[in-house]
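Two complexes follow with chain A in common, the first pairing it with chain B and the second with chain C.
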Partner chain A sequence: FAGLADVSISEDIPVEGEITVPVGSHSPDEDYSTLDEPVRDTIMRDLKAVGKKFVHVMYPKKSSALLRDWDLWGPLVLCVSLALMLQGGSADSKDDGGPQFAEVFVIIWFGAVVITLNSKLLGGTISFFQSLCVLGYCVLPLTVAMLVCRLVLLAGSGTVSFIIRLIVVIAMFAWSTLASTAFLADSQPPNRKALVVYPIFLFYFVISWMILTFTPQ
Partner chain B sequence: GSPPQALVDDTEDVSLDFGSEEELALRKAKIRHPLATFFHLFFRVSAIITYLFCDWFSNSFVACFVTILLLLSFDFWSVKNVTGRLLVGLRWWNQIDEDGKSHWVFEARRVPTKAASTEAEARIFWLGLIICPVIWTVFFFSTLFSLKLKWLALVIAGISLQTANLYGYIHCKLGGQKSISRATSSFFVTADAPK
Partner chain C sequence: IASLVMYLFAEFDDAANLLAANPDATTISIDEPTEIPKQQHSRLQEPGREEDDELLGTDDSDKTELLAGQKKSAPFWTFEYYQTFFDVDTYQVLDRIKGSVFPVPGKNFVRLYIRSNPDLYGPFWICATLVFTIAVSGNLSNFFIHLGKPTYHYVPEFRKVSIAATTIYAYAWLVPLALWGFLMWRNSKVMNIVSYSFLEIVCVYGYSLFIYIPTAILWIIPEKVVRWVLVMFSLCLSGSVLVMTFWPAVRDDNRRIALATVGTIVVLHALLAVGCLAYFFDAPELDYPAPIIPAHNVSTVITKSR
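Up next is the complex of A and B:
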């Protein structure tokens, strides 16, 4: 170290460096505190994360923080609600609507998986579960449309009611598609965006179709 | 006055306490986390029982489907986030960095805390974790061969959720050494703040 003896750092040079722990990793202390946190904290943390995502869907602005913290509770709740509301239609067979209910489930989850695989094959950078999370959460506007349709159908099922339902469903369908593309299309190279958007379009189109063609017994 | 001086004087009079009554009882108990143990088994066993006896509970396919699905989801969440860390000190999760890459993290607790888990709890945990996916796989084949296909979606969901937890915890158990050393080294690197 003899060569360094005459090296001196003047007082004026600011010494800089990263003191913060990078966001991606946890220090052992932080980990063990979440390993030992009380259960209520865990539940509240997850509930708040789910609520935040619902709000984000209603006001879609690009936020990578939202994407990073994925969960599938929202899609589960939305899927179950949508499937329940699509029950009791005249298209049901004479038993208790079993196949219809499972169909909605399969369409939503299988459809979301296929879209995710499609975007990954096209070279997208988003991860599998993140994509499922976004697609699932963006079903929220359509679930709202279903609720509105059922209420409108309570009032009557004539032409006026059909027109109202058509407008509502089209508006919500556009909202869903735009919200999910706002999150998903950015993970794709620019010349592939249309190839990624059109399956999303089809997916929400099929769901919107199921909603619009629902007629009560 | 000099507060540090006073503190030193105080500690000289403190008698060494090897643990209160409560702590001794805790150390002797066979099951230190009764609630966690109960819930670990409750959701999974209820889901299986509801599936087997759904005809007794309700005529409606939809009600049974939703109930079992909710039980399976609660089970997945509680085993992944609560009972794993309380009963065996293991935890796994998915993390996504700033550049969008996702990776799975598997943690194993090294330092035993005051309320560390016991043999009995660990045994209950692993038995519950292993036996239930096996039972759901049996259901899968019975549903397939009896052609009650409307239940198939549910059984597949059950198998996926339970096998995911099983796989995650086995990974934690086997890979504990590696991830702890990686976490420790990253801690030392970032703690190196320039003075």
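Up next is the complex of A and C:
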């Protein structure tokens, strides 16, 4: 400390400047301003985010919006609507019919969690909720297929309607698998990609099977 | 003083290396520390057992024992601990599946393919695939069998998925647990038995179930003969994988106990196959309109002859 003794400010240089701290950061996060906005704006912002992700799923380009701003509203809405549409099937008294609401729900969520854990255990770099988000959103084509199947079944349930349903379900199953693979495959180590893609294939295959075997009462 | 510090650091390094080579304090598989002296002991006893060494793959067993000692050193509450069970690449999984479908006579599946790197990926996803394959194939097969009947109304039979899942996962986890416990118990009585860790036994059982996946798909064919031929064929293949794995482990024991153990393994495996076939797939011979007509003819013949 001996060498620092002669560092000092000479008294003829005026010290000047502002010492006030600017209040209110102008960051685009608007943390404090969302309290004052109307409720409609808050809801519309979230709805627009969900809708944008639906569009990303239907036209899967490698955009990072789906991964970066994950949310689970879309998967919840899709899962509930799919499980509701799978009700009203051949529910005989000897409970040999289709899956119950709870079974569909558990299969989708538990299946998504298991696939996410599998990809993380194999060394994937994606985060847990991002992967859940992608897998849930990619159920959208299959939900559309379920809607189409129910409409076709309203018209009739013969061989022709079965062939139409088969084609629609196969197409939507391929779309779902390809969309989720497009989003998730990049975050896996290169020599384990097939190990990660196969469970996703199995997951959407099971959901497609449930949709295809739906028979109305 | 500096040289003394360097000497102490060198000693510490040596101790750390020795500990890494043989960490019986931190590893969970308890067969490595005792396996090397046992193999040397058996080699000294009977030098004419070369084919057993090949069966056990003891050529590079020292290296694999050392390598095995360096894995699984993370504490069990961390994520990295479970990542060590998924440390396989695509080609390794495919190799293991190929080894379970084409058993090479005389080669031990565990020593040849697993080599102290048991994984949980194969057993878990093979069982999941098998559950859904059996449920879907059973449903399809019943649909085709009952197709022409007017009283038949198709049901997806979704209950059977949960039954299939319970059965197959219980078989793939509880039977290895029982077998591992039994081998540990015999190991404490008879010293020179090769023993496997619990995960290696789970691995063998999981991969041996792979052959049932194409078998279940082929069971859709509604011919009884075809189905039973398929059962025998797949049972022979996967049963031989299991037998060749566990025979060296019990061979040095009392002859009756060894045969009983191997026999139980094969019988349980057969029960699984036959049980799945019987429960999920209806019998194909359910057409009864023919017998009514001969009875009518017989009654008309009797009335005519009166």
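As a working rule, the second predicted complex is superposed on the first by the 167 of 217 C-alpha atoms of A that agree within 3 Å, B and C clash if a C-alpha of one lies under 4 Å from a C-alpha of the other, contacts with A are read in each partner's own complex, and residues count from 1 in each chain.
To be clear about the criterion, a residue touches a chain if its C-beta (ideal position, glycine included) is under 8 Å from a C-beta of that chain, and two chains touch if they have at least 3 such contacts.
What you are looking at is a predicted structure, and each value in this text was computed from that prediction instead of being measured.
Visitor: On the superposed three-chain arrangement, identify whether chain B or chain C touches more chain A residues.
Guide: B
Visitor: A:191 in the overlay: touching chain B, chain C, both, or neither? Say first, second, both or neither.
Guide: It touches chain C, and chain B stays clear.
Visitor: Thinking of the overlay built on chain A, is A:48 touched by chain B (first), by chain C (second), by both, or by neither?
Guide: After superposition on chain A, A:48 lies in contact with neither partner.
Visitor: Could you look at A:209 and tell me whether it touches chain B, chain C, both or neither (first, second, both, neither)?
Guide: second
Visitor: Tell me the contact category for A:101 with respect to chain B and chain C: first, second, both or neither.
Guide: Only chain B is touched by A:101; chain C is not.
Visitor: Quick one: classify A:76 as touching chain B (first), chain C (second), both or neither.
Guide: Touch status of A:76: first partner only.
Visitor: Name the residues of chain A shared by its contacts with chain B and its contacts with chain C.
Guide: The overlap between the chain B and chain C interfaces on chain A comprises residues 95-99.
Visitor: Can you name the residues of chain C that touch chain A in the complex?
Guide: My answer: residues 79, 82-83, 85-86, 88-91, 93, 121, 125, 128-129, 132, 136, 139, 153-159.
Visitor: Within their complex, state which residues of chain B touch chain A.
Guide: So the residues of chain B touching chain A come out as 59-62, 65-66, 69-70, 73, 77, 81-82, 85, 89, 91, 94-98, 100-102, 107, 109, 111, 113, 150, 153-154, 180, 183-184, 186-187, 190, 193-195.
Visitor: Quick check: in the complex, which residue numbers of chain A touch chain C?
Guide: 89-90, 92, 95-100, 103, 118, 120-123, 191-195, 198-199, 202, 205-206, 209-210, 213-215
Visitor: Where on chain A is chain B touching in the complex?
Guide: 15-29, 31-32, 35-36, 39, 42, 46, 64, 67-70, 73, 76, 80, 83-84, 87, 95-99, 101-102, 105-106, 125-130, 187
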